[in-house]
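Mind looking over this structure? Questions follow.
Chain IDs A, B, C and D follow the sequence of writing; residue 1 opens each chain.
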Amino acid sequence: MPVPQHIFDPPFNVRRASHVVLDVTNLAAVRTFYENAIGLHVEDADSEAVYFRGYEEQQHHSLVLRKAKENACRRMGFKVGDEADLDKAASFLKSRGIAADFSEQPFQGRTLQFIDPLGYPIELYAKMDKRPHLLRRYDLYKGCHPQRFDHFNVFANNVQGTVDFYAQLGFRLTEYAEEDGPNGRIAAAWMHRKGNVHDFAITNGRGPRLHHFAYWVPTAMNILHLCDVMASSGYVSNMERGPARHGIANAFFLYVRDPAGHRLELYTSDYNTMDHDHDPLRWSLRDPRRQTLWGAPAPKSWFEEGSPYTGQAVHDPLFVADVIVAS
Amino acid sequence: MPVPQHIFDPPFNVRRASHVVLDVTNLAAVRTFYENAIGLHVEDADSEAVYFRGYEEQQHHSLVLRKAKENACRRMGFKVGDEADLDKAASFLKSRGIAADFSEQPFQGRTLQFIDPLGYPIELYAKMDKRPHLLRRYDLYKGCHPQRFDHFNVFANNVQGTVDFYAQLGFRLTEYAEEDGPNGRIAAAWMHRKGNVHDFAITNGRGPRLHHFAYWVPTAMNILHLCDVMASSGYVSNMERGPARHGIANAFFLYVRDPAGHRLELYTSDYNTMDHDHDPLRWSLRDPRRQTLWGAPAPKSWFEEGSPYTGQAVHDPLFVADVIVAS
Amino acid sequence: MPVPQHIFDPPFNVRRASHVVLDVTNLAAVRTFYENAIGLHVEDADSEAVYFRGYEEQQHHSLVLRKAKENACRRMGFKVGDEADLDKAASFLKSRGIAADFSEQPFQGRTLQFIDPLGYPIELYAKMDKRPHLLRRYDLYKGCHPQRFDHFNVFANNVQGTVDFYAQLGFRLTEYAEEDGPNGRIAAAWMHRKGNVHDFAITNGRGPRLHHFAYWVPTAMNILHLCDVMASSGYVSNMERGPARHGIANAFFLYVRDPAGHRLELYTSDYNTMDHDHDPLRWSLRDPRRQTLWGAPAPKSWFEEGSPYTGQAVHDPLFVADVIVAS
Amino acid sequence: MPVPQHIFDPPFNVRRASHVVLDVTNLAAVRTFYENAIGLHVEDADSEAVYFRGYEEQQHHSLVLRKAKENACRRMGFKVGDEADLDKAASFLKSRGIAADFSEQPFQGRTLQFIDPLGYPIELYAKMDKRPHLLRRYDLYKGCHPQRFDHFNVFANNVQGTVDFYAQLGFRLTEYAEEDGPNGRIAAAWMHRKGNVHDFAITNGRGPRLHHFAYWVPTAMNILHLCDVMASSGYVSNMERGPARHGIANAFFLYVRDPAGHRLELYTSDYNTMDHDHDPLRWSLRDPRRQTLWGAPAPKSWFEEGSPYTGQAVHDPLFVADVIVAS
């Protein structure tokens, strides 16, 4: 694949992946799952929406559930440096012919929303309402002690195109998986802005769909405890994969499905990538340690199922890298 | 010191340390501490008493709080093999001229109560009301996930006499600390019935007083989390010593004081001692690793303060092994 | 099934499962596995045998590898209370028409060897050569910090017969799995002598064969680290099942296969069972939480493969409880 | 105190704290400490110097020991974005009248060295020799599994001046402690470039001296294991403070002293700070939770002792905030 160059002077400054907005048909059941099993803090709630944050987060929300007629991912949110970056983003998108609209969003103020050329609904903002972090409120900790939103992982029917678009925005490649050989095509990519392994990861498949979003937890012990809590709370069938360790990112992970079917990763243990000369790590699709360092296979659902984006059609991938399932 | 022989055919069969009954002047405050910070399960409660158990315990209680006019330890409870052992115990005590009375105690049935020759109030029973264990009710876990009652540690003004009495009852010495030299006197002893390091430990000092009772927790991580929870719940001054590791027992520990001043140890990581040829481990009082493998000194309160037993006078120790504080 | 009564006055006093003797064709490769990956301490070795122990063990060995022409389990070792118990055992076996022979075994002295009526080769002894424990030699810790030998688990073609024989020897049932219905047959049993969940467990299947032996490790974190070490030492295919939690025993486990194919369980977190009124816990074969609390299925090999005993023929089980594989 | 503004367009781009160069009189003894107890990877060594790195680090070294006649800190190293940043740095320093020299340093190429106006010897570089990271070489892990260099903490005799100088270079304040009242003076500050709590922290005291440098480790369990390893390796007196949790940064920490007296912090668990609107957290000097969330006091040595910088005179602080020791 053509590996994109690191760009250090992007058209606007995305700081990090910030929050996800999910449509769910059963708001009460999904809230219970995130509040009591996962242990996210409910910051605000009404009959139409619930706003959650992790224990270190100093802003109003990183997960929003909205009552809807279909289960889907409504938006992926990224935070930019400041208000001027929002204006630069608007100019950039306009110059590329991408429609984008400013609006006021609850608790996060001026927000720029658009559908990227690959079909992903994105929103950018600079300042969200602040809240004191809860790091030292250990008396409130529940579930797996989720600390902060970390990243998105999406199914893309055009991985190379998606990588190239986000590389222009300053997202830098940290790891990628590709077919062997001189014309090997890229099948998966991990890209970051904030200085760890990823803010945005892209997997070949029917897309655009959301594969998962992820929260960072303090240690593997919190993830093991979550397994126990889920097993004793009626959520045993919501545990889809893990706990185990990825070769990718060296992450210790658990993948769970919420009652609406959205996939959440709880993970810990990645590494720093903020050096400008940090080289991306290439994985051969034939290396099974990429998926699971410890050898256990992922279930079929993990390769095939994902959340559609509200209002976005899903397309078959441009190619099928069949070994990905086999690994 | 004269190290007592292991006795394998005791006059009656004590299985293990089982429970403690504490007098407290502020029942509500002490309950809140054990229920919300430590995380013990409240099995029963009324205006006069609260009954707690750990998550693996299949019997009604291992900690009883009783409303009283003075903070004190009312009873130390041991479980015997069966009802016949209770009768053998009664005979044995009578033969030694020790007054003992049978009574029915709430939730634990036929109970034999006595004051041992050293002044410790003991109760023996064979069958307590059963409850399903909560090991797999991870949705209920709180605090440090206390799993089971483990042992008592008492101040004795006559350590050798106390060791000798309990050795007759089949308690076997696992570790002990003594003065150096041919006439070195014993300053502390750890004795067991159940097969780990201790059910009953004895420390030289003003006695009889209760130094602490202990619950076993799954891992050191649970103890670290308890520190965080206590720090954020207004209990920072209730943390007296630790977390750290003892040389003795290889135990990872935290000592806390409840609002009535009773001392509780949370600990994990000891070892098996059920072999009949298991030799006691001797520590020189001059070896600082006994107290804290990691070198940090214990506060003065830990060496000096303890809970009196209800109605029992306290006496100065027969000797002072002053290096014990220095270590 | 007929659940056997707890027997508290057995014909002789078995204290605990003590050690396993394994025949291996490639002594060097198997030694490397236990020494460098698992982290057991090599206490002695020559060209014919290697002797290992865990860090808390105060006796010479708990695992013996012997160079042989076939990979097999040669002996399962149990420790009795004292030398008199060995003589009582000899008398008991003679009275049942079971051939048994005394011999001197290296490092463990007077040893009574026999084949039990079900075909399992057993050896009993009272005193093994002592060694100082290594608990506080943290500078030597490797692998998963294996602390002590814990138990055997065997395939039996006659589970009820095996349970009944060992119940006579004072092994007490802690958990069991049986078919539903009034005539439900027992498919698995966990029995103990030392006061935790098991010294000897029995699983329905082609037998007699060894399913696994187990070492106790301090925490789940040590098991996760072992997975990482195995993955980076060329042992990824030796990881057979886990890490995960059993419903049975509440144990956190990992099953691995040594280079000779013998199965080893690393586990932590069980519970105490020494109370005389401790009731066995029944599991329906239809309850999937028995096998894995977290829902992930075990691989077929785990249900089907095991180590033959040296010189013992293997028989089909008396019945097939087919749901066991399905769970 | 005057809290400096966050600067997002600094004169040159410092990415992060990168490495420390220490002078030591006993090279062999100090190497043994870092290699065998702490567990850092030795990347290169000769008779004059030893180069270490953590397991995730993809560059040649993050700790350099140099044989010398006095124990001192020779240099603190920061990595900049690229070679152009080095030239910008040279221009900036020249414009401020600060002498700075380019040289080739072993394994890290073109390096700009200078003494900052406060007396700290700094070196900047853009590209160090690369090495494959060792994250997945778990078979090599030792000690506390140190993963990466994280930050410096220095004694400054002029905290406000030091904060102001580094704020000009784009270091952003995350936490600070100051006297109460309208004219409260700043007594400690934590500043970052890489997006977590600190790359460079400043403490009031006799300075310039190095208080400590820090490595990030995966979990608290690694730190507890290090305590055990140090206790069994003859390093018990090298453990100076902890393990415990700071209020500051929410960090779980252990402070140790190497055989040359240099202080090293092993820590885990901080939080992200890359948002441009991230507000600094103020601590009153009277709040004891700042130093230790759990209440245990730090030893006097921790407040008073530090490493001088090679060739730099040490001065008394401009003021004494005496409550800092009391907390």
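Please note the rule applied: a residue touches a chain if its C-beta (ideal position, glycine included) is under 8 Å from a C-beta of that chain, and two chains touch if they have at least 3 such contacts.
Bear in mind the structure is a predicted one, so any value in this text is a computation, not a measurement.
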item: Greatest separation from chain B - chain, by CA centre; value: A
item: B-C against A-C, pair bridged by the larger set of C-beta contacts; value: B-C
item: Mean-CA-position distance for chain C and chain A (Å); value: 44
item: Distance between chain centroids, defined by C-alpha means - chain A, chain B (Å); value: 50
item: Inter-chain centre distance, chain B versus chain C - centres from mean C-alpha coordinates, in Å; value: 32
item: Junction residues of chain A, two or more chains touched; value: 136, 219-221, 228, 231, 289, 293
item: Chain D-facing residues of chain A, complex; value: 8, 15-16, 56, 58-59, 79, 81-82, 126-127, 130, 133, 135-136, 147-148, 194-195, 218-221, 247, 250, 269, 271-272, 274-279, 289, 293
item: Touch list for chain B against partner chain A, complex; value: 36, 136-139, 141, 219, 221, 225, 228-229, 231-233
item: Complex contacts: residues of chain B adjacent to chain D; value: 220-221, 224, 227-228, 230-231, 236-237, 239, 243-245, 252, 289, 293-296
